[in-house]
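Presented sequentially are two complexes of chain A, the first with chain B as partner and the second with chain C.
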Partner chain A sequence: MSDVTIHAPTSAKPSPFSARSLSPYFFILPAVAVMFAGLVYPVIQSFYLAFFDWRIGTDMDDAPFVGMENFVRMLTDEGVRESLWVTMRFGFWTITIEMFLGVSLALLLEKPIRGASIFRTIFILPLMVSPVVVGLIWRYLFDARIGWINYYLGYLGIEPQVWLGDADLAFFAMVFTDIWQWTPFIFIIVIAGLQALPSEVMEASKIDGANWWQHILFVKLPMIKSILIIALLLRLIDVFRALEVMFIMTGGGPGRATEVLSLHIYNRAFTTQQLGYASAIAVLLIVIVSLLSLAILKMGNPMKDKADI
Partner chain B sequence: MAGKRINSPWGVVGHYAALIVLALITLAPIWVMIATGFKPDVVVQSRDPVWFFFVPTLDNYEFILTRGRFDTYLVNSIIVGTLSTVFTLTFGGLCAYALARTEFHGRVFVANTTLLVRMVPPAVLAVPAFAMVIQFNLDNDLAVLVFFYTALNLPFAIWLLFGFYKQIPVELEEAAIVDGATPLQVFYKVLLPLMTSGYAVAGIFTFRIAWNEFILALLLTSRSTRTLPVGAAGFITDTGVEWGRIMAMGTLIVIPPLLFTFFAARQIIAGMTAGAVKG
Partner chain C sequence: MATTALKTTAMAGLTALLMSTSAALANPYAEYEGTTIVVSWPALAHFNAAEELVEEFMEETGINVEIDALQYLALRDRQLLEMSKPEGDYDVVSWVVMWKGEYVNKGLLTPLSQFFTDASLVDPMYDIDDIADAYLQNGGVVGGDLGYLPGPSGALYGIPFGAETSILAYRKDIFEEQGIEVPETYDELRDVMTQLHEAGIPALTSRGQTGHQVTAAWLFHLAPLGGRVFDDQWNPVVNSPEAVEAAEFLRHVANTGPIGIPTFGFGEAAAAFLQGEAAMHLDSLKIAAMSRNPDLSTIDGKVGYALHPVGTRCGAETGGFAMGIPANAPNPEAAFLFIQYMTSKQGDQRMVELGGDPVRISTLTNNTEGFDDYPVVAEQLPCADPNWRPLIPEWNELNIDVLGQALTQVITTDDPIQPIMDAANEQIREIMEREGYYIWAEHRGQ
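Up next is the complex of A and B:
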């Protein structure tokens, strides 16, 4: 027994399975190799391509080296600035509303009420619907001629609108669609967080005479603060990933009213066919997303045990 | 008092009323899609919404199943979804196990990098992936999609499975070893039964991403290797959208992920948060 206790206690306990038979490197190798080749290497290549003026249809090896030109151009590019602004406004409105709705919904369903599991199942359905299909459904509903939204607004005395043809309205439609699909994500994360709270604390606060609002605002929400922050950051990163719904509903238009940064990169690369310049914008996107990811890591990486650092 | 408010009859009614309204808002668009797929064109083109009362027709389904290349897209989607899920679970499971159970040089680095690359937006992959496909002449190969989807899904799967492995007491493995089990037996007889729901959730999410992904599939496939979402988007033409047909196709695309949800809603909620809650 004594040889077992020699080891300093570490939080990642060595398993008899791997420690005695195979090196852990053997276990991580396939995953690390695929992630390197399929994620890390392409990111590095984006940096490399950003220094070339490579057009679709030409050979990559013949593309002229242009140094920092793509990056300099990016700084004064109206299109980049606009799509960045669209992304920021889009993120602000969707995330604010989704956080509010998602948390409210979780609070409504946290109690073990009759039918809770049915409601929970219903509320996660939108997450499973393919973004392309989500785009199609809402393009139909927002259609100016046969769309149901115009029809029902007619009952309220609102004239039919050309939803996807007007800059502000198309932006609104995009935000609305995103809220429909992604509020469930906040809901899921928050409800699991709420259910993990120790029931004694909840009881104690009630006995201490906290009313319903006080109980939620000053006891429950502060206790799941770290979960709320992580949910917020994950959504923030998703905003920079999204492009399918806009691609299907508006193609980024009218003008650039719904062209988020990801869609702008796609359009630069494959519509105006400037692959090198698109790579430079992709580098900008990577920098933004990396900064957000580092913020998440700082909040707490569950795979990193406190004892290790 | 908290209890009073929830338990009073009006509180209960209000509570359920709010939930039902929100559930209807959630379900209505999905119903609209399903119903539209069964509507004859006249009804689809009418300006008045028809929720339930129309004579259903299978014309739209007949069209997409016989005249499109639906079968090709379906087979492609199944191949890509299944293979990338198998690879993700196998490689991701091994990696998560090593991260959860062993100490090694660079463990923290691997863990942090895994979390970082989880965030790579598909739009960033678009140009380099496209470059790779031209360079190696792979534009007719589903393997490219399998490869990129595996890479995209691995970080999430590792993150999720790590949480599940951490929950299993290491003493269980030690006891099995003491009883004379081989490493392989430990894995199959001790770990795997306890990890079933973890692998199920990771599998559902991996499959869902691979099944639904659009932009890489659009870029990296050609006519014979298209997946379902790309095929559906192809129904949008310059002359307009054939709503009945496109909604029938949308319904067919959505069936597998929705079935998963109904069978595994509880595990999905647990799984989605396995990382976040403990973070």
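Up next is the complex of A and C:
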């Protein structure tokens, strides 16, 4: 007889406060601390500041508490209304065109054709340029006096245009610049998704007799739906954060033609020094972006549909 | 006889010794030798030129100077943040005149009277009266009835450095070709612009970019045409007939000037003139130094200068920069010695030699050779208007947010001007009401 004692497995759960249960939390604590300091705290601080009339150069402790006044003022502020409208129009045009162009180009360049890799590399170059430099480049290209665009239009017999000094043309210039820079972003993530699709399914659809359009519309695009939603979500968040290019190219003008909401917040905070009021508008921005993001995720949560990637 | 001679010699020797000792003791810089001061100023032509003078200051005084030169648009935020700390890094800050009211209102600057009354610091030869009065009032004084100009409660917070007024620069060759006389009044200027435009020559270049720039362009014409932003009771009057006339004139400028005015800041407007794309430039005197610089200008030698045309009154702008000492400066005495050195008669003269702009009348009158603009500037300064724009803390919001938007509409559309200015006037009133300007009027039942 062996003297080894075999213990029956105990059904009692370990204490939730035992070192073993708590140890995972200790491991993620540094990441949580960094996230809190860099992400959660600024957001909470913005909410808090929105209830004060605080101006740069004065002590925050002396800032008068104004309750909901900043939020009430925001509702009747023409600047907020106009810049929100500019942002929505800007987002609509840029995201629609970028999604269309990015997906189309990814479908065209997906196949291993000769020279495709060179074209792909050139195509993603705009992504590598910082937004400030993009703003400077296109500001000079669109310049009415010395810009290349007017120069070449002159060869076509077209009168020089004040691209950045006319409300409609300046808005068009912003949309064009954004498309130039961010279409490659859609392209790069869509092409990655397309190339990861299982070849068996593709072959099966061909054997079943699907033509080129059917193959794309009913097989490929549904299979990369999650990727398209992620691309849409990221671009939407980016549009609401966009500031640098408009700041450099037009400063939001002429009038408020290119003043997106984040640029309006910047101007309120640092030009007119009303940090409390700017914080209230920033709260509005956070709410809008959160609601729109939730709506997009409702269309199909990419986190849940891992199987189709 | 010999005793007397000996006494005389001894006395002379003693006097010489005392003089040399007192001279050594009187070196005002000795106490601050080895101190490092930090100066915040903009990366603009005048200040770039001043860097060589800063080197000379360091060699001569033993005081070290670190320059934090920032892009003009980033300067105010940085200075405000630095001056809001219990002890800041800056000993000297250079502000554009529009910011002085806000800085003083927030208690961020030190009054300079405490230094100017300290015999160990102040140079008896400094002669502050020689500094152009309009510059001193506009850039350095805070207080008085309006809050930003001299008066019973006015105090000096800064010394002008890189200051300016407006003059008319014109192309002598084009005027000669077209047989045009240099305009002296606004009526003449309007006619000249039309005549040049009809001849296919862009007439007058101007700032026009939304915000501060387009407002500045309108203000250039507002003062000479007899308008103001506020009346004596702080009621906005930007919809007065004079103000609307100034806006109409600005629209005429945009319609007859070079292409792109709605996108022009000072740099672009100046570039259009310096590259030969406009016949006139009515803005800061800085255009003169720029037109002499072959790196910037293709029209050197072709430019004439004249007084800012007169409307119902003569009223050139005053603006540019001034230097002062933050209330939280670590080394305020050494900072004062630096400001005094840079704006002294010798410093001002060196600035001219280095390509900067003078602030002293004597420098202007002593350097007429080679500087065609200096006699014009000297003649212009007595009618430079230190109140051509209100330098109140709220000005930034009115300037950029309200007037900047309204005037963009004026120059980029054909909409009737009076309703645009009426709406702007109403918005300004609301802001002034929010900021408490009419509380006393209501309290008194006015």
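The rule is simple: the second predicted complex is superposed on the first by the 268 of 309 C-alpha atoms of A that agree within 3 Å, B and C clash if a C-alpha of one lies under 4 Å from a C-alpha of the other, contacts with A are read in each partner's own complex, and residues count from 1 in each chain.
Here is the rule we go by: a contact is a pair of C-beta atoms (placed from the backbone, for glycine too) under 8 Å apart; a residue touches a chain by one contact, two chains touch by 3 or more.
Keep in mind it's a predicted model, so treat the numbers as computed, not measured.
In the superposed model, A:Arg145 makes contact with both chain B and chain C.
In the superposed pair of complexes, A:Phe71 makes contact with neither chain B nor chain C. When both complexes are overlaid on chain A, the residue A:Trp93 reaches neither chain B nor chain C. When the shared chain is aligned, chain B comes close enough to touch A:Tyr25, but chain C does not.
By the touch criterion defined above, A:Ser279 lies against chain B but remains apart from chain C after alignment on the C-alpha atoms of chain A.
When the two structures are aligned on the shared chain, A:Asn267 is found in touch with chain C, with no touch to chain B. For chain A, the partner touching the most residues, choosing from chain B and chain C, is B. In the overlay built on the shared chain, the residue A:Phe172 is in contact with neither chain B nor chain C.
On chain A, the patch touched by chain B and the patch touched by chain C overlap at residues 145, 270. Across the interface of their complex, chain A is touched by residues 1-3, 5-6, 15-16, 18-19, 22-23, 25-27, 29-30, 32-33, 36, 44-49, 87, 90-92, 94-95, 97-104, 107-108, 110-132, 134-135, 147-148, 150-152, 154-155, 158-159, 162-163, 170, 173-174, 177, 183, 186-187, 191, 208, 211-212, 214-215, 219, 229, 232-233, 236, 241, 243, 246-247, 250, 253-254, 257-258, 260-262, 265-266, 268-270, 272-273, 275-279 of chain B.
For chain A in complex with chain B, the touching residues are 10, 12-25, 27-28, 30-32, 34-35, 37-43, 45-46, 49, 60, 105, 108-109, 111, 113, 117, 119-126, 128-133, 136-141, 145-146, 148, 151-152, 180, 184-185, 188-189, 191-193, 196, 206, 210-212, 215, 226-227, 230-231, 234, 237, 240-241, 243-244, 247-248, 261-263, 265-266, 269-270, 275, 278-279, 282, 285-286, 289-290, 292-294, 296-297, 299-304, 308-309. Those residues of chain C that touch chain A in the complex are listed here as 77, 80-81, 83-84, 102-103, 106, 108, 208-211, 258-263, 268, 271-272, 275, 277, 396-397, 400-401, 405, 408-409, 412. The touching residues of chain A, when paired with chain C in their complex, are 55-59, 79, 143-145, 160, 162, 164-167, 250-256, 267, 270-274.
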